[in-house]
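Structure incoming, see below.
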Amino acid sequence: MQQVCADVAPVVGTGVVADYIPALAKVPIDRFGIAVQTTDGDMACAGDAREPFSIQSIAKVFTLTLALEHRGDALWSRVGKEPSGDPFNSLVQLEHECGIPRNPLINAGALVVADCLVSDHPRPLDTLLQRVRSLSDAGVHYDDTVAESELATSDRNASMAHLMKSFGNLENPVKAVLDTYCYQCSLAMDCCALASAFSYLASGGVHRGRASNTGDVVRIVDPARARRINALMLTCGTYDRAGEFAYEVGVPAKSGVGGGIVAIVPGRGTVAVWSPGLGPSGNSLAGVEALKRFVSLTGWSVF
Amino acid sequence: MQQVCADVAPVVGTGVVADYIPALAKVPIDRFGIAVQTTDGDMACAGDAREPFSIQSIAKVFTLTLALEHRGDALWSRVGKEPSGDPFNSLVQLEHECGIPRNPLINAGALVVADCLVSDHPRPLDTLLQRVRSLSDAGVHYDDTVAESELATSDRNASMAHLMKSFGNLENPVKAVLDTYCYQCSLAMDCCALASAFSYLASGGVHRGRASNTGDVVRIVDPARARRINALMLTCGTYDRAGEFAYEVGVPAKSGVGGGIVAIVPGRGTVAVWSPGLGPSGNSLAGVEALKRFVSLTGWSVF
Amino acid sequence: MQQVCADVAPVVGTGVVADYIPALAKVPIDRFGIAVQTTDGDMACAGDAREPFSIQSIAKVFTLTLALEHRGDALWSRVGKEPSGDPFNSLVQLEHECGIPRNPLINAGALVVADCLVSDHPRPLDTLLQRVRSLSDAGVHYDDTVAESELATSDRNASMAHLMKSFGNLENPVKAVLDTYCYQCSLAMDCCALASAFSYLASGGVHRGRASNTGDVVRIVDPARARRINALMLTCGTYDRAGEFAYEVGVPAKSGVGGGIVAIVPGRGTVAVWSPGLGPSGNSLAGVEALKRFVSLTGWSVF
Amino acid sequence: MQQVCADVAPVVGTGVVADYIPALAKVPIDRFGIAVQTTDGDMACAGDAREPFSIQSIAKVFTLTLALEHRGDALWSRVGKEPSGDPFNSLVQLEHECGIPRNPLINAGALVVADCLVSDHPRPLDTLLQRVRSLSDAGVHYDDTVAESELATSDRNASMAHLMKSFGNLENPVKAVLDTYCYQCSLAMDCCALASAFSYLASGGVHRGRASNTGDVVRIVDPARARRINALMLTCGTYDRAGEFAYEVGVPAKSGVGGGIVAIVPGRGTVAVWSPGLGPSGNSLAGVEALKRFVSLTGWSVF
């Protein structure tokens, strides 16, 4: 862990902080945190691993998990499972493919997933928050400033939502879907909470919590679904750099423009990293570097 | 193994045989073979596992391995590592991205790889054949009828090659590259030979051969490169169904329009299947089904 | 004129009535009207030339004329002058070209023009209505049912507007622009009024009215601008069939999905036709046929 | 005429000479010539109007005229009539639209036309040369250096030809079509010859020659076809700046990367200009400016 921090130090502070949302642009670029939770329940962390940040697109994995609970495989008639090959906010494929987004981890797909939550839960944002808190800790919260900031600059997402609506692929009014989507992106949590919250994907679908000697084991998804969500993360989780990430790092992961990345090593554990400086594809530069080093040192790769 | 054969039986014979190459269109659609080689060197096979077939695009993994030996990471300035999101023979991205193919496992990328072989080896097709024979058995050969048939109907590939040439991304004349490419696609081998030939990717880069008690262990690639080739196969190996395949099957694989698919399970072994009936994306229907069943029965998944 | 009506009769009633707006779908498909106004001020009409209909996209020429009055050539920094080569409601080019629509006669371009009107006029819809009434007659009005129907099904246009907003190419809120746009499309007038209203484009920019022996000559645009608007209509006025229309008919024209088409023959006069049955590109089938016959009989072509 | 030369002088020498063909790159950039032929047979010229240059894409109008003679409207099943909205050498639409080029005045469309000539004439290049000589003068010739230079750098055109061949839209071998195409582009003639050669399109389809008091009137096409070819030139004749050109100049025209442009004013005459400095769309900068001035001074516009 210390080795990783040392190796990554020169990269921390490089790149650019996401500036399309004013509230995100204010985050200091020199932060770096890392947390590892093994499937045995051990947790280790370093750097700014206790500082909460906006998880942004990482939330798409939580909402996908929730949507699959209600919709099952029927969800896949409304969203695909293929890498997009285009930037995360592109409308080109969406038009060519009649409003069916390529996968649930790009914005358009996550809007469809948010639409499902709006239909399936009376208070979808409460449901989501309870779920994430139950998987990590009670400190997780929505950052209203970020959410409102995001709503005020959501024309691109509104454009996608209206396009899908025009193709009949939204059940609810665009405004309700956008509200839910922007709030889910504003979820704030720290690296430790993130590593804990995603541990069910490393453990065949069960969550043990961070101090799980009390035996509070909860099944979140069945083993096949855990494998499948991991597969989606590997092929689609890091924007249009998923191929490069799989090649260089080699584990399922989901990144967010807040600078966080969570990686899953099935049977081993989860790794959450955070550093706000982004590369051209919207992935944290120091975060990718840290995962590369970590995997190289530990041999934790799926390949 | 028998279980897999029984489960797959209803699917064998469905789909369509590749008909764009006359020589391929003649293959009986009702064939099905499967061969498994573990990293310990054990081999099991069933069905038509001893009947040679045209491996077609599967050869792209062999040529990529060879090209990386001479070019190393410099290769990646001429071809990307990202899933294409488009059909395997699309020119759209190639034009938008100035003649740089998305990855080496689609046709355009494999043409760049073939161009490297033409530059790097005095007799590239001999080099390739020797390599594949050394990894499997002496029966592997080029099928001249298939190769000539492919050359005679290679306008689409010629179109891509000329487009890349116009962008300066081919070193050799288009004709020389197309010849090499069409011949590599015509490589004929059976499931057993295929499972053996790819075992280096399941074994961290070393090849043991099928009867390797004599200790003839040969390092083909270093462990990091083996992992990386596997990553490419997972994200890009099954045409524009790579996401679906990862989701449903969950292992690195490469398919060919001859009906073959080879799958890699790192640390466990390789599985080669063959059945000529193709689905809409060009992957063998019974082959995909067999791998899905096999993985489900054995738990051999990377996720 | 009677000849044209007779020739066109077999085509009247073929095609489909625009059904994406419920209010339009109710219009009887068997209507056909034609009105011709010469630059001398003579008017002739036949068939249902006195029945008002929804002019839809034809209004884009009126709003363009108004916008050019305030913005002049500065307008062309926000919208292009090239044929789109794509359907009228495509977002693909809009994304590739950073929110700058190809021309002001496709939906996206007309939304930019509507945005200018919202900025430049305190009550843009009143301004527009007054202008059109002054060019034709007092019976011209907005059809509230059509406008509301259009607003309720405007997701595709909302998608384009938000996309342009995200690129900074709208000055006003999306809602205000969409309201103006949908109301302008609902303008209802008959063939005679339409032929009269567009006569300024056939007369080098001056409007004489229908019974202009009183000498009420009004300059609407200067001669160069009249020529230029005609050029835009020729290259961009009939959706993605502008090339075919120029080839077969050979005069500047603008069509609407209400079934109307107005054609300009510089120095000769204007021809307005209406018949609700549309062909696959959204142009009135009988309307195009009528113009083709008319031009063939009179030799009124610009080529 | 002198006025035009004076007005254009500051623009002559700006832009860039086409450099993708070595033989073209050597032409001095400071040349400018203009020739006007009225439908009465009067000819006026100025500047370098007697210096032959490579007409390049302007030849596409001659070959289209020839192909229509043999194929008639059947030609339009193999090539469209719509502006492309894309650069002249794009493959994107060609792939999306199954090998049917948008119009006969972009490269792909002209390759289809060349394919027709190869099928329809035993010696298509001789037929073409005879035709052009009969319309202008005996000095017209193929420039072998340019043609060979063009053939040696024709990968982009070869790519398009193979793509169309793969879709079944070429009747002859790619090589034969490319040879014919590259030679037709190398036709060398001066402004006076060019203005004369195109006079049939300004005169309703008949050619009178330059000194036609002898009465040698020859019908080349019927009046309807002349109008239609003019319509195609207006919507598709100046690459992806056809809309701008129609807006600013307002007459049918065809340009070539050799720096020539020929404009047709139906009923009035033809104007041929030449100046090798090209703007970003491949049209001669001084040539466009000269036509703009000429039209402004004479009022020769179709709108």
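In this document, chain identifiers A, B, C and D correspond to the written order of the chains, with residue numbering beginning at 1 in each.
Operating definition for what follows: a residue touches a chain if its C-beta (ideal position, glycine included) is under 8 Å from a C-beta of that chain, and two chains touch if they have at least 3 such contacts.
Since the structure is predicted, the reported quantities are computational estimates derived from the model, not experimental observations.
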Interface copy of C-D among A-B, A-C or B-D, judged by whether over half of the contact pairs recur: A-B
Per Cα centroids, the chain farthest from chain C: B
Centroid spacing, where centroids are CA-atom means, of chain A and chain C in whole angstrom: 47
Between chain D and chain A, distance of the C-alpha-averaged centres to the nearest whole Å: 56
Rounded Å distance, chain A centre to chain B centre (Cα mean): 32
Junction residues of chain B, two or more chains touched: none
Touching pairs among all chains present in the structure: A-B, A-C, B-D, C-D
Complex contact set, residues of chain B against chain A: 80-86, 93, 102-103, 226-228, 230-232, 234-236, 240-244, 246-248, 250, 252, 266, 301-303
Residues of chain C touching chain A in the complex: 90-92, 95-96, 155-156, 158-163, 165-166, 174
